[in-house]
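Following are the structures in question.
Okay, so chain A shows up in both of these, paired with chain B first and chain C after.
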Partner chain A sequence: MAFADDGRDPLERYSRQMRFPPLGEDGQRKLATSRVTICGCGALGTVLANHLVRAGVGHVRIVDRDFIETHNLQRQILFDETDVAENLPKAEAAARKLRLINSQVQIEAVVTDIDHANILDLVSDADLILDGTDNFETRYLINDAAVKLGKPWIFGGVIGSEGQSMTIRPGITPCLRCVIESSPPPGMTPTCETAGVLGPAVSVIASFEAVEAIKLLAGKLDALNTELIMVDIWNWSFRRLKIAGLKGKVDCPTCVRGEFSWLEGEFGTHTTTLCGRNAVQVAVRRGEPLNFGELAGRLRALGEVKQNAFMLKFSTEGYEFTIFPDGRAIIKGTNDIARARSLYAQFVGN
Partner chain B sequence: MSTTAVPIYLDNAATSFPKPEPVYLALDQFARTSLANPGRSGHRMAKEAERTIELARSALNRFFQGESANRWIFTLNCTDALNIAIKGSIQPGDHVITSDLEHNSVSRPLRRLEKDGVITLTRLESSEGYLDADQVRLALTPQTRLVALTHAVNVLGTVQPIEAIAAIVREAGALLLVDAAQSAGVVPINLKSTPIDLLAFPGHKALYGPTGTGVLYVGRRAKLRPWREGGTGGDSKSVLQPEELPFALEGGTPNALGIAGLAAGIEWVTRQGVEQNRLHEVALLQRVVDWVEAEGSGYGWNVAGRWDAASHVGALSLITPNLDDFHPQVISDILDTSFGIAVRSGLHCSPYIHQRIGSFPDGTVRLSPGPFNTEAHIDAFLEALQAISVGIL
Partner chain C sequence: MPSVLIPTPLRPHASGLDNVTGQGDTVGAVLLDVVTQHPALLERLFDGDDLRRFVNVYVNNEDIRFLDDLQTAVTATDEISIIPAIAGG
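Our next item is the complex of A and B:
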């Protein structure tokens, strides 16, 4: 590496960070030998990766299934118009940019859909898992893997101008399911696609996650956040929910009873490529009746919505969704299962 | 509109459900009392398991009038049986005749052998779901070693003139492999009067066994090379796979439990009478055909293939009015989610026939009633189609 060979102290570039006494040089050295896996490289993921690579975390693995689109540029800070023109996968484009920013960091791009079959491979060698996802299905999967492996992870989620974050250390803090036992069924939650999202809101939450990551990796455990943080940057509210007491108090299916329903593939979506042209069926194992009216209301602003007693049809960006009352959907316009899962998470929500 | 608690199951061509009560009882009893390793050990339970399998072979031989019980091979499923038959009989340079009516379990192994330059292949073109025996006569060459054809088409339910074809193939000296996946148990097959060399079928369709059971009959003229070799429960000192049937083709512990269930299914079908189930299912399908003629065609529904109740099994494909609003997958999803009715849409693993009838690649909506379906089930299906036809637009 050019930088290491020029005779200067490799830690020199982090001098302003090391001069912050609570971190110090010892903290910086620990960062340099740490490994993280960032799950999802969209709005949250790019801010997270940017902070951690600049801060000198030794090995950063970035996992994402999607390709960059123009409407990502408003908030996904590592991408530019050239990346869109080149039709690059997000993980790969982020890695290229980050290598220019800090050649000391080992950056690994993995273009894949995180699922129950591959998550353990993606996170088992990491010291910390970071949430840059846009759906609760993957978050519960991360939570299962983290609890099973006894590995810390940091939850973060943003929608509109609001965001939440918490730091989860299995065995020490409550886990995601202790605090949020279940997510609303598919189609019942707003998503960034339906409710919109502000770039600064993402930056705030991702920055909370990043600073927690730095503390945790540097071994500054006393400084860690023990609350569920809820921020609304538009209405200027900042709430901190005390959750430490939930640890061991709730009969958590995951960290108390040891049920890993997402990791075992029991919960979550199931996809099949269909006979015919360019269509994937996304089926939901935990099917609950959808409220077509609500869903139609959210989708109407984004594309054409048609509805009858049996299904809701929604067309947007060259894709056609046929959504059924139990939450399953046929997505026309792609043969790619990862893309279909992504579209489902973005527009129906899971 | 609400989905019923117990779905109306119209997907018996894939796997029959429910099974007759004696099958459940046999499975339960065998699992509790006799689920040992057949023949591998000399103790009482092993002997009992072995006996169950031997009785099942005898039952198959009686049912289909085969030459002897040891010519009945138990396989993993029909695909396994077809692969054993095709890959075990073919020599480089052979010519093989097949048709566009076949399931991928016949088409894919043959296409692979053709693509690899091992065989030459003639694929006969059907008309409205039927082959004519004369087409086979015209396609036969001196190099033809194998004619591999389905008896009843899984997509359309049409039954082929297998007796006439068998006579022609035998006269030419080639081997005839019949895929009886949709016919075994509902269309009489008499091996004494019909010269079929290789007969393959699953246990889990119209013979009412559980999944994981398949059968291959190996006639005297067929000499198959085994591709799965291993333990056969006897003659262990021999360093090679034994040559005598059924062991030559049955390496590995067989699915004794499944075979016990299959035997009970065969017995049940025998008591019912082979034609009985077919007549019941075809009568149910007649209601669908009548609806299409009277009302469905007005919405754009069509029956795929020629409807001839006398040469039909209990499977029927419907061509949907159009693909934009009535894509087959959308229809089967609506039937499932809004009406609690299970059918199968798509290509049914048989791309060539869909190409032939013009429903490729989106497929058709196939319904396949079984002996436990009633007129009320079919009427519920038709009411659903009516409601969808009116309500979808």
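Our next item is the complex of A and C:
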């Protein structure tokens, strides 16, 4: 790495990290030439991005579909009340904050909903994919993409005071679907809304993901986690479930049989209930951006409309629509997918 | 008797307990005893005679799929865990 204009060694800011012998300067140099994609920039994603940018990972791409709300601030550590007031997308607000923290890192904000049509573009140039999502549909999609590309990814999930994480290296470890063959159907599992979530629980799991990322990118592969980690910070329980033996023992549709059902759009819907928010996202592909001005004109007669370049908010009949230029809408006030589709059709049109 | 650790999402269906003991010398027999004690767990764990696909069961930190599945032998000191998939984040 070249010296900066002020003549100081750009690695100097990482001195305390490099003095940790298992990482060292060689590890630090590898971090500086690494690229990651962080999928989701909510609770897990903000902690992940914070650690990796501070640690000096060379290129960090942050992908998120959402905007910041006041109830995010309890645990989403990169955001503040100003971001809420400005209606900023999470990816953009995180990038702005992180650029102030470490100007050596290339930080790329992508405001989009990760789906089967765009995921390969978002991850194919990354050395590692990190899970900052809040739903299994996207995780199985990440798993499909990672296995198909032979790219490592790190899974993390949190609810209440509990969380779990594992490091997935296609061809070497079991994949997500080997270990968690299927996620519970809606209604069979608590959401963030019913069970809540503690900020420290998120920090613990995201920190596990971050340190695994640092090891992996720095080439310290022997130190990687090979188990399914389960933590409950309220009850002080920490478990390491042995999963390495599943590799080759399970007839996994994804990593053994090569079926990429999420990536091919066979599984997964274009409608998603959003964890903990009594809301449904309806994604409708139009191929061209929405005309906000025209839409706002039509909606003003029916309810309150607010807009900026990134979104249009519309409130009516106890529902709040957040509509994005790509035609996607988050409809707050219902968990019922059919109702949300109907509301979309009535107010936005498709 | 072997104990079964009940994960948070299932505790409301097991009288709020985080740990239930069940009689039996296989994982399947113990779980059957547990769902007999707490019938609301039955449909959440089983689909007919099989575990539901999203239910993961471990004995002493090992997945029963690489032991003998529901036929995995257990003794009084073994700990059976039902591991939920945690979705949030």
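Keep this in mind: the second predicted complex is superposed on the first by the 267 of 350 C-alpha atoms of A that agree within 3 Å, B and C clash if a C-alpha of one lies under 4 Å from a C-alpha of the other, contacts with A are read in each partner's own complex, and residues count from 1 in each chain.
Everything below uses one rule, namely that a residue touches a chain if its C-beta (ideal position, glycine included) is under 8 Å from a C-beta of that chain, and two chains touch if they have at least 3 such contacts.
If you're wondering where the values come from, they're calculated on a predicted model, not measured in any experiment.
Undergrad: Look at A:K97 in the shared chain and tell me whether it touches chain B only, chain C only, both, or neither; answer first, second, both or neither.
TA: A:K97: touches no partner chain.
Undergrad: Is A:R169 contacted by the first partner chain B, the second partner chain C, both or neither?
TA: In the superposed model, A:R169 contacts neither chain B nor chain C.
Undergrad: Contacts for A:E181 in the overlay, against chain B (first) and chain C (second): which applies, first, second, both or neither?
TA: After superposing on A, A:E181 lies in contact with chain C but is clear of chain B.
Undergrad: Looking at the overlay, what does A:K249 touch: chain B (first), chain C (second), both, or neither?
TA: A:K249 contacts chain C only, not chain B.
Undergrad: Output check: A:T322 vs chain B and chain C. Expected answer is one of first, second, both, neither. What do you get?
TA: First partner only, chain B.
Undergrad: What's your read, chain B or chain C touching more residues of chain A?
TA: Tallying touched residues of chain A, the top partner is C.
Undergrad: Of the partners chain B and chain C, which touch A:D131 in the superposed model: first, second, both, neither?
TA: second
Undergrad: If we overlay the two complexes on their shared chain A, which of chain B and chain C does A:L274 touch? Say first, second, both or neither.
TA: A:L274 sits against chain B, while chain C stays out of touch.
Undergrad: Please identify the positions on chain A that touch both chain B and chain C, taking each partner from its own complex.
TA: The overlap between the chain B and chain C interfaces on chain A comprises residues 275-276.
Undergrad: Which residues of chain A touch chain B in the complex?
TA: Residues of chain A touching chain B: 274-277, 279, 281, 308-311, 322, 324-326, 328, 330.
Undergrad: Can you list the chain C residues touching chain A in their complex?
TA: Answer in residue numbers: 8-9, 44, 53-54, 56, 58, 61-63, 65-66, 81, 83-89.
Undergrad: Provide the residue numbers of chain A that touch chain C in the complex, in ascending order.
TA: Listed in rising order, the residues are 40, 42-45, 131-136, 156-160, 162-164, 179-185, 188-192, 195, 197, 202, 205, 228, 230, 239-243, 245-246, 249-250, 275-276.
Undergrad: Give the list of chain B residues in touch with chain A in this complex.
TA: Where chain B meets chain A, its residues are 1, 323, 327-330, 333-334, 337-338, 345-347, 361-363, 387-388, 391-393.
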